[in-house]
Amino acid sequence: MAVMRILAALITAASVLWSVSQPARSEVTPAEQGGARPGDGNHFSPLDQLTPANASHLKLYAAFPTGSRGAHSGAPLVMGNMLVVLTPFPHVLYALDLRKAKPEVAWRYEPASRGMAAGLTCCGTGGPVSYGNHLYFNTVDGRTIALDPASGAVLWDVQAADPALGETLTGAPVIARGQVVLGNAGDDFGARGWITARSATTGAALWKHYSTGPDAEVGIGPGFAPPYPTDRAVDRGITTWPPSAWQHGGGGVSGPILWDASAGLLFHGTGHPAPWNPDQRNGDNRWTSGLFARDVTTGEARWFVPVNPHDLYALGSTSALLLVERDWRGGPAPLLIHPDGNGHVYVLDRRTGKVLSAEPFIPVNATKGFDLAAGALVRDPAKAIRSGATTRGICPARPGATGAGAAYSPRTGLLYIPVRRACMDMEARDTTFMPGTAFTGGNLRLSPAPGLSAGALVGWDIAAGHAVWEQAEPLPVEGGALATAGGLVFYGTTDGFFKALDAGNGVELWHFRGSSGIVGQPISYLGPDGRQYVAVLAGLGGVPGSASGREIDMRDATAANGQAQALRALPPRADGGGMLYIFALP
Amino acid sequence: MTRGRPAEDLRDTALAEVELTHGLARTWQTPSGFWGALATVDHKIIGRRYIATAFVFLALGGVLALLMRWQLARPESRILSPDLYNQVFTIHGTNMMFLFAVPVMEAMAVYLVPLMVGTRNIAVPRLNAFSYWMYLVGGVLLWVAFVLDMGPDVGWFAYVPLAGPQYGAGKRADIWAQMITFTEISALAVAVEIVVTVLKQRAPGMSLDRIPLFVWSMLVTSFIIILAMPAVMVASTSLILDRLVGTHFFNPAEGGDVLLWQHLFWFFGHPEVYIIFLPAVGMISSILPTFTRRPIFGYLPLVLALVGTGILAFGLWVHHMFTTGLPRVGESFFTASSMAIAVPSGIQIFCWLATIWYGRPVLKTPMLFILAFLFTFVIGGLTGVMVASVPLDTQVHDTYFVVAHFHYVLVGGAVFPLLGGVYYWFPKITGRMMSERIGRWVVGLLLAGFNLTFFPMHILGLQGMTRRIYTYQADMGWGGMNLFVSLSSLVLATGFLLFFIDAFRSARHGAPAGDNPWGAATLEWATSSPPPPYNFVRIPVVESASPLWDSPDALPVATGLRMDRRELLVSTVADAVPEARESSPGNSIWPLWAAAATTILLIASIFTPWAVVWGAIPVTIALIGWFWPKGTPEDES
Amino acid sequence: MTALRCAALVVLALAGCKQEERAMRLDPPIAEAMDAVALMPDGIGGRPPEVHVAMGNPYRGNAYQISQGKRLYEWFNCRGCHADGGGGSGPALMDGWWRYGPDLVSIYVSIRDGRPNGMPPFRDRLTPEQIWQLTGYIQMMGAYSASAAAPGRNDRMFSRPSENRAPAAAPAPGQP
Amino acid sequence: MKPGRAARLCFLLLCLCCAGCTGWQSAMDPQGPAARRLDQLFWLFTGTAALIWLLVMLVLALALLRRRMPPEAVAEHRSTVAVGGAVAATVLIITGLTFASYLATRQDSAGHADALVIRVRGFQWWWEVTYPDAAPDHSFLTANEIHIPVGRPVRIELAAADVIHSFWVPNLAGKQDMIPGRDNALTFTVQQPGIYRGQCAEFCGLQHAHMALLVVAEPPEAFERWRAAQLAEAQAPRTPEAAEGQRLLEIKACGACHTVRGTAAAGTLGPDLTHLASRQYLAAGMLPVTRGALAAWIADPQTIKPGNNMPMVSLSADELQALSAYLVDLK
């Protein structure tokens, strides 16, 4: 057991989400994680030079304009002495040389873009990842590209998703056992969700499994052991839908994909079923809005947990996932932590998928608590959605109480959840499926949850199942959090602040005000000079970005699916351009 | 009853007959010329205009009915496009209800009530003039819109959401709603005038139990109007607000309710039927004694039946909504109340039968119309009992059965007595008799044409023919009967045509009528035909319910009114004891200007809600002009 | 006097006919001719087809056609990206700012052929007549003064003041 | 009184006509207990009404024709009693009829546990019919034609998608409105297999006249066969021409509004066409489903049903041929 724990600690330490850094470190990294974005989703950096004691001295070290006005939602990547930044669609990939006094562009790569994909997505893209000597990234218009990090030369370039069908790639790929694993987005366009693995060396397709449809296509076979018995029936991906509805049923794999090397498993969530209007898709709508564990070599499903079955509010289940090793109620257990858009932190035993606890981290009225035996939330019938009717005051609001950016620090044992605290009025309307056009059938009006600020960063005690502290924000926190071994939590806010909190008690120690809102994921890395740096991409773009610009007319309460209203307090954008900020101690 | 007053130069007590009539005529006359005609407040002139206008609308509505019958005569006929057909049936219904049936009854009252209660002019006569202009504009608005291909096409009931902002494109439904506003304003104005006239201006001695039954019926009708019309005004205003300002009264997605419209509309719409029907039965009760040569049987039960109908009228609007899915208890309640209305109707019919039984019937044209009324209305009343039953209504609602039913009630129950009334009072209004010979043809053609047209519709309805369809398919098997109905409607139309011809001809060339050609008993026959501008030289005093029969030689009169000023006698509500002389307003052009300003406001508000703000300015100016103090001396008690 | 009244009536009649006429069927040759728009080389602005002019701009200022356009806007998923005119992943349509110009032809072509930044083509989903109806509605949405033919609110959740209440005006710079 | 007599004669003649009335959309040819009770109630009311009318007319005739006596007060007093008696009789009759109405529908309001539930939604101007099922993939959509098994209670759940419509199949039951924002339902049982026609009974706009539906009552086995057939995906094209038709359906505007399960056409704005040819009529009762009628309808829907929401899609003669060949095969 001890060996296991040491190994786990090593993995954690080396991995690092956003941290990878010096060559010395990457040598101890297991080959499979090859210094690439590690698969545990913890957003934890083992670096400890920055501490609560010196955080207030942090200074801007460098700023690099990306030249894009889109939503900079990804994370930069540090690979060797290179810092790689992928700008929003239409993409440009910049490789910055960190050995210079100030980062300089070593090379840039601009893939050809299919403009029509811009209409299919609102909110940016994932970051690049590295594996071995290669650099991989997804483009919104559906391509996965492998580059030589030294020169920027293309190694392979495949069209993995078809924008004509409404499919896009908005998440970062994950590298697992020599495979590039990626999933599509496009639930709002009725694109059928899938996850696929391609060879890291050639880009050749290895396997592809869907989130709806017959068992064979979903990857459900003899090895599938769902924790709740209803899902043991055959072809639930068909029988839980009206006839043929699964063919354009959504369930995209646009959220994080985790890689547990020790178990050889991939974990991922699936997006919401399409359309939003639940009356047009009666049934449980398997396998959307739930969590999958899949075998890495075949993609076969091991278990599935429905998080939001028959997802009334189209929340999906693609928010943050974290692999956490810690004691659970008396003994060590491999846990999967999932703060979901429905406002609950799910704690699962990742070997079986059994839900160990689910506690709300924001005020919720759409459901009335979690039934552990059934493994499901108890819905409030007063908040049901019916086609043609308006349901008022549903909390939390779509797109969900949190995004993909939660962080976990093994030092404090706390989970750091960036939170949106909005409620909504939702009206479901019949809609018709036309490939490439929005397939939603819902109108939303958002407003801040009564009596609360619209956003917050919540420090959550996993074992106790409640918040320890929270840092209130006037606007929803759209970006990710980063926890560091030095005892800090970094996150950016929609109104343009980049903050450092004391990871233990949530006290704000330092902040920086940038020129644009931050929806990106911060990283921390050890520079070639041995100093610890913190980097984040700023740039709102997308929905929040347009709300402060000309593209949205605020007189329409349903503009941008109602989110424009939630962002009413957003100050006008002084400079909409994206920036890479790097901070360090002077 | 002669009131002792200190002699004064210009009072009727002090003057000779010739001098008095001259003086009165000078005081009450309508100046000749264009502006004089526009400024008049004489209830008889306005009443005549009202009646004539209403009959013009009847004729126009009848033409639309024939158009519909033309279209429906054959299956899959393409004479009218669906768009035009929808406008046609909407305007037919709207026109007949709002521009003919209600106004014509009120028009008859405007003309007759002051004469029947023995006063010189209707109360608030300028409002009366104003109400006519509003009515005229409302009607013209509807018809001009129709001619311009922007006539309402949502049915006279204008159910939301079809008439709402989303499904009623353009200004068509707005025109309907504003037309409602015009006619409601005019109807409410007349109702107020009649209530005041009846309650406060009755001739001395005309206590409540001596009021002619037509006046009673108009009093009850006016109260129904005052209580029911606001509901439809609220409804149509809400509709306009929904359509033009974007309120959500009828939007279920924002907490509004589609059925709210139906409740509001029928809370008015059902009493509306009695607003049309009660004056008609009042006419019958007033005509019948003349042609049976005896006082009406059961005066008190008849009055109670009128009042009872008036009260019950507000308790059964839901029977228009039996298929909307109401709770069962509610359905049973409204079934019971809807059927209960048959009781007062029954009382009236039995009393009339008894009157005929004990009288000596004289089968002149007005009497023939009453017999035609009894023949058809009883059928309509009985089918009314059928549609009052929830289970039966679920089968016949919105079918031709209902079309047949309400035409039996409205044409049989109201138009026949009305035409009888026209034949009866025509000599009073014009001084000439209508032709008795043509009159008999008219009754015959109307009765036969009506029953042949509308009776088969009962069966068509039961065979599944729904209302408001612009055509039907040949394999439905409705073709034969529809053709029969369409041909019969020509007979009916011929009857109406003959009536109009007779009326036109008689107005010029009819035999001159004396003051009281029928030998009737009520006060309107106590003056000349047509009556002078001041109605009565001296205000008669009433000592019985049939004053002209009980004092055949000369009525006692009340005196003491001045002749150089427009003075009326104001009497107490119950016993009609004179209590004051009051001056009645003289001719004024301001009601016309006020109507013009209101018209601008209402019509412009179809296009922009700001019209309500800016339009208020001319309305205010017109009203200031209207009410500007004239320095006339205070009323004397 | 009479002549004046007649003239006024005629003017009113013409206005009324144009605004309230309900043409439900476009002859196929006319429909085809309606599709022949001449677009400027840069894809912005152009000349409407001659038949459109000859028919007196039937899709502009006609209440029925505009309300048909509004229904198509609902039915053909325009809301998914443009919301109720306020925009989303697609630009706002009610703010009076036009990426490709405010004229009918630009809007028509945007719908029919799509635009490079994400607007899909509706050529194979709508007939020319329907595209014209939609064009008329969308142009009205972003016009600076409310037309008398503008539709009222829909029977659905409130999103914004209805078209006949809210002529588009560019929101003040630096809003909200 | 001649015209009156003529009308009376007419009335009798028409009554005779009625007795022989049968129709596939007629309240006078009831085919289930609910409609039959209404029919009995109707005749009860009609009989009573006819009797009353004849009585009134008789009294009227006597009153007009009787020999006159000098007026006497005693007779008037007696007549007060007579009138009072008539009024009392009216009250009694009305009370009786009210109770009869109440009793007639009492059974209908009782719940039926084993009722077959069908959801019908009214659109301008057609009917969407859903057969829900506990297993969502066993539910399916069709349009304008409702199949029901005989002998089993059927509960029709009614809703409206746009304006108010009213569901009325007179041979089977009374009508019930379909109102936006409200839920209504209608329960009835049919005992005779047969085809019954219904029509929208609430004015709903331009094509209110052409909004018909058929109720096909069939033996339970036949119903189950039909149901199973409806659940299947669309018939694959069997000829090259039909295959071309399917391709056209997918690439032309058709697929944006109509669904044909098993093809790329997945629109939900218009009726589901997956089993179009299994239905008897097209366009809510306007045209029979034949290849010619299909071609005519697609070529020019606005002439056949002016104002309906189906646009005139420009197609060549060959394309029309192919499309109609495909559609007429969608059994």
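A few notes on this one:
Note that the chains are named A, B, C and D in the order they appear, and that numbering of residues resets to 1 at the start of each chain.
Please note the rule applied: contacts are C-beta pairs under 8 Å (C-beta built on N, C-alpha and C of every residue); 3 or more make two chains touch, one makes a residue touch a chain.
The structure displayed is predicted, hence computed values, not measured ones.
Remark: among chain pairs A-C and B-D, B-D carries the greater number of C-beta contacts.
Subunit C and subunit D have Cα centroids separated by 38 Å. Each chain gets a centre from the mean of its Cα atoms; for subunit B and subunit D, those two points are 37 Å apart.
Subunit B and subunit C have CA centres that are 46 Å apart.
For subunit D, residues touching at least two other chains, in rising order: 180-181, 206, 256-257, 269, 306-307. Shared interface positions of subunit C, i.e. residues touching 2 or more other chains, are given as 22, 24, 75-76, 125, 155-158, 161. Under the contact definition stated at the top, the residues of subunit A that touch 2 or more other chains are 388-390, 427, 431-432, 434.
Taken as a graph of touching chains, this assembly is fully connected, with contact between every pair of chains.
If you check the complex, the residues on subunit D that touch subunit B are 1-4, 6-7, 10-11, 14, 17-18, 21, 23, 25-28, 35, 37-38, 41-42, 45-46, 49, 52-53, 56-57, 59-60, 62-64, 66, 68, 71, 75-76, 79-80, 82-83, 86-87, 90-91, 94, 97-98, 100-102, 104-105, 109, 124, 162-164, 166, 168, 170, 173-177, 179-185, 197, 199-209, 285-286, 306-307.
Interface residues of subunit A, counted against subunit D in their complex, comprise 238-244, 247-248, 280-283, 388-389, 430-435.
Across the interface of their complex, subunit A is touched by residues 74-77, 79-81, 83-92, 94-95, 97, 114, 116-120, 125, 156-161, 166, 168, 171, 174-176 of subunit C. On the side of subunit B, the complex with subunit C involves touching residues 83, 144-145, 147-150, 161, 164-166, 169-172, 242-246, 248, 250-254, 607. Within the complex, the subunit C residues that touch subunit B are 12-13, 16-17, 19-22, 24, 63-64, 66-68, 148-149, 151-158, 161-162, 164-165.
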